[in-house]
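Please find the structures below.
Look at the two complexes coming up: chain A is in both, with chain B in one and chain C in the other.
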Partner chain A sequence: GGSAVIDMENMDDTSGSSFEDMGEMHQRMKEEEEEEAEGEAGAAEEEDGEFLGMKGLRGQLGRQVADQMWQVGKRQASRAFSLYANIDILRPYFDVEPVQVRARLLESMIPVKMINFPQKIAGELYGPLMLVFTLVAILLHGMKTSDTIIREGTLMGTAIGTCFGYWLGVSAFIYFLAYLCNAQITMVQMLSLLGYGLFGHCITLFVTYNIHFHSLFYIFWLVVGGLSTLRMVAVLVSRTVGHTQRLILCGTLAALHMLFLLYLHFAYHKVVEGILDTLEGPNMPPFQRVARDIPVVSNAVLNTTTKTVALTL
Partner chain B sequence: SAFVPPEMMQQQQPYTGQIYQPSPAYTPASAQSFYGSSFEDEPPLLEELGINFDHIWQKTLTVLHPLKVADGSIMNETDLAGPMVFCLAFGATLLLAGKIQFGYVYGISAIGCLGMFCLLNLMSMTGVSFGCVASVLGYCLLPMILLSTFAVVFSLQGVLGIILTAGVIGWCSFSASKIFISALAMEGQQLLVAYPCALLYGVFALISVF
Partner chain C sequence: FAGLADVSISEEIPVEGQITVPVGSHSPDEDGSTLDEPVRETIMRDLKAVGKKFVHVLYPRKSSTLLRDWDLWGPLVLCVSLALMLQGGSADSKDDGGPQFAEVFVIIWFGAVVITLNSKLLGGTISFFQSLCVLGYCVLPLTVGMLVCRLVLLAGSGTISFIIRLVVVLAMFAWSTLASTAFLADSQPPNRKALVVYPIFLFYFVISWMILTFTPQ
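After this line comes the complex of A and B, so read on.
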């Protein structure tokens, strides 16, 4: 009962105009909202009765309350945004000279010999970020030259997702393992180390996406990929104590790093070797049966010839 | 026998109310009392829109002469009309080559500008506005338009194409980094600014070539 009587104590006479009572009203509105959310299904009408003595005014007050909630929410969101999205906290990691970047790039291919005391890792993010973007560009180039078709998604999205996913994901995973194995490394240092380790990947892929010999790729994989992996492993070993821990950490990193290079080569550049070499070769011999251990070019030409003949038939 | 309401029967005389009588001498001079300024006093349309052809021409020349020293103050006013025209022209030249990729051009431009904006804000002492970054990157797209025009007639997939593409990418990124360096006073970091620009223009070149 009591719906015909205006319940004055529930009727807030600030109605949003008084600044001081805003917080209190906001708190009460929030509580009312929480109660409403809980008892939504059944007790809606009862809530309305408790909220205001009179149902008719609810619409108008409700609008004002909604407006206030919006203002408060917007203020809180902008405060949170300015706190967390403040990219100025990343500023020190981008303060580099070109000479430093070049030196670090070259160092990333040279494994250190001294593993008895912790090796210094530059906590810098410019070089790793540029290397990841370079890898994206090389992947895109490789996909375009081999006419790779990505069915679900775009070329650009796939390349960016793969490269950034590897860099951020594997860094986080190895950092977690490092935490478990008690290694002395911070997240930024891990990001920096893995980012510079991608330099070897960039070189390998740049060369092997343009010169299509499998044996050349394997040589580059072992030598260039191996050197950058060895460097990362050596740095991590110098910062970890205990044989088992070193084994776990470095084994995981080495495996992931080398396998990633293998994956990038085979998944993103489907080389149809025969056709490419046919287009480059001046003379296309007719169909002939030749042994497999002849030079790559004519073998590839043979394969192509048989394929085209089979297709036309 | 049509039904006529009785009120209408009484209002047979014509209406001679004087609600509004326009003043007989309506000249532009008297319009001054109604409007703020007259037609002659209004600024020219281009000035109101902020399109300054002389500045556009200066900026275009700065891009086209890679060795010309850039004036840092020309980037103070952000002008997005020029870059918009250049993006459209790039898309149009791609269209002439049979590639309908306006969406890619706009998408890559937007993402690239955002990335450069974040990077430059992190690397420079003074911040930089998004409009300035977009303006500079848009203007430096001009050599890429020349490349895609060339690609309409000749294929870029040979050795000559690779050399030409590399040269144009270098030209674009050199000009962009030169303007950024002079506008943001970042001496000694031109290579560091040029490399991300080269990556961005490299993606544009990929669209032109393939």
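After this line comes the complex of A and C, so read on.
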């Protein structure tokens, strides 16, 4: 066999296999292009061909192909990197263990007593995200009466839009108020706090969509909804100074949270009630008639929501 | 290359061998053979791969076939057939009909993407498309369930048919969740498996709900 001795003096005769060579070739390609643009095409090519020690046109074609491949590779790498970099921004918010999630779920129902000391809020997004999806699933489950198929398409989009809209929108709004009231809370913490506050909503709706007692719903609304609201309020109070600010912030949050549970129950419950009514006619058991107290309001509310969600999407 | 100019290679160290990248002798032949083979062979090879993956989903064992050579043909076929079967037939102007094709399609793919992102964020070692592949293939039991439901609905839509459909859909739902868990849970750190399984459970629950509440108009 032969021996391949690398003669360092003639490194100009490259095969384009290293990055430095590619960089140099790229540089020369750019200069070459500029020269070509000025109309000195033939002379430049010949000149470069001789300079690089390659055989004229064939060598140049090879160079161009190699250069293009390098460009494409570079572009793909930078795109892939930016995609992964975006995911990595969220990674620390998903760094949880199942026991931690369970503990936080239970804690979200227990109002803290100590409001003079800023309470710790875990800035975690896994639990809240899963709770929002669970709420969507529970809302959909509440439509299990088969005739709600009629509205199923719109309801699915509405359910997702409502839950996510509430979580993101109210978080942003309360964060804005907190900024005005000088409360010490970050956006991620607010998202986390409100997300875990939806645990009470999930429990209430899960129970009351299956057991259609209206008084039961009111009890759950006050107790379960109230507990989770109280917890959020206590945490916020512990992080705010000044009576007026505390009142504004916590009053708004409490009102929105409790009203949302009320809305979820009545707007979607009414749809089920109305359809059951048309199905069963005059044979409806008495307790189900109570739902028809506020038909006008429920209908208007549901229609407005559907329209709003459809408009925003 | 100024710094390299004064490197000298001793004559005693043999510098020998091929500088060119060894292009394996089988490679041009392989390229040639897959280019020259009849179209039927190419299609059959892909179909066999898809079919093998279907079998792996139906009998979930801990194997890495689904993960190693991922492909999205199977999920596409399953998703399209499920969405077609779920289309509510009603052309009534007052009603929307069932979930439209686009809605089912979007929900399945969007849900799969969310679960994949979630498992990656939780520290999973599986790649994006591998996860999509597994989740898509595990929709197979639910598609079979949908087929059975449609057949049962042809016979009638009373309480008994509802109970049959409920049982079938529940069984398929459990099957789907177990199958996808068998493939996906291994790629997670051992103490976080529950965190990954839960969204998969929700995802298949929503699809099962869509199947169960389907009534032809």
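We take it that the second predicted complex is superposed on the first by the 177 of 313 C-alpha atoms of A that agree within 3 Å, B and C clash if a C-alpha of one lies under 4 Å from a C-alpha of the other, contacts with A are read in each partner's own complex, and residues count from 1 in each chain.
As a convention for this text, a residue touches a chain if its C-beta (ideal position, glycine included) is under 8 Å from a C-beta of that chain, and two chains touch if they have at least 3 such contacts.
All values reported here derive from a predicted model rather than from experimental measurement.
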A:Gln68 touches, of chain B and chain C: first, second, both or neither? neither
Contacts of A:Thr306 with chain B and chain C, given as first, second, both or neither: neither
Touched partner set for A:Glu97, first chain B, second chain C, both or neither: both
First (chain B), second (chain C), both or neither touched by A:Gly157: second
Which superposed partner A:Met130 touches (first chain B, second chain C, both, neither): both
More chain A residues in contact - chain B or chain C: C
Intersection of the chain A residues that touch chain B with those that touch chain C: 87, 90-91, 93-98, 101, 126, 129-130, 133-134, 137, 140-141, 144, 156
Partner chain B, residues of chain A touching it in the complex: 87-88, 90-91, 93-98, 101, 126, 129-130, 133-134, 137, 140-141, 144-145, 156
Contact footprint of chain C on chain A as seen in their complex: 1-6, 8-9, 11, 15, 87, 90-91, 93-98, 101, 126, 129-130, 133-134, 136-137, 140-141, 143-144, 146-154, 156-157
Contact footprint of chain A on chain C as seen in their complex: 1, 4-5, 7, 9, 14-19, 88, 90, 95-100, 103, 107, 117-118, 120-123, 162, 191-192, 194-195, 198-199, 202, 205-206, 209-210, 212-215
Contact set on chain B toward chain A in their complex: 108, 118-119, 121-123, 188-189, 191-192, 195-196, 199, 202-203, 206, 209-210
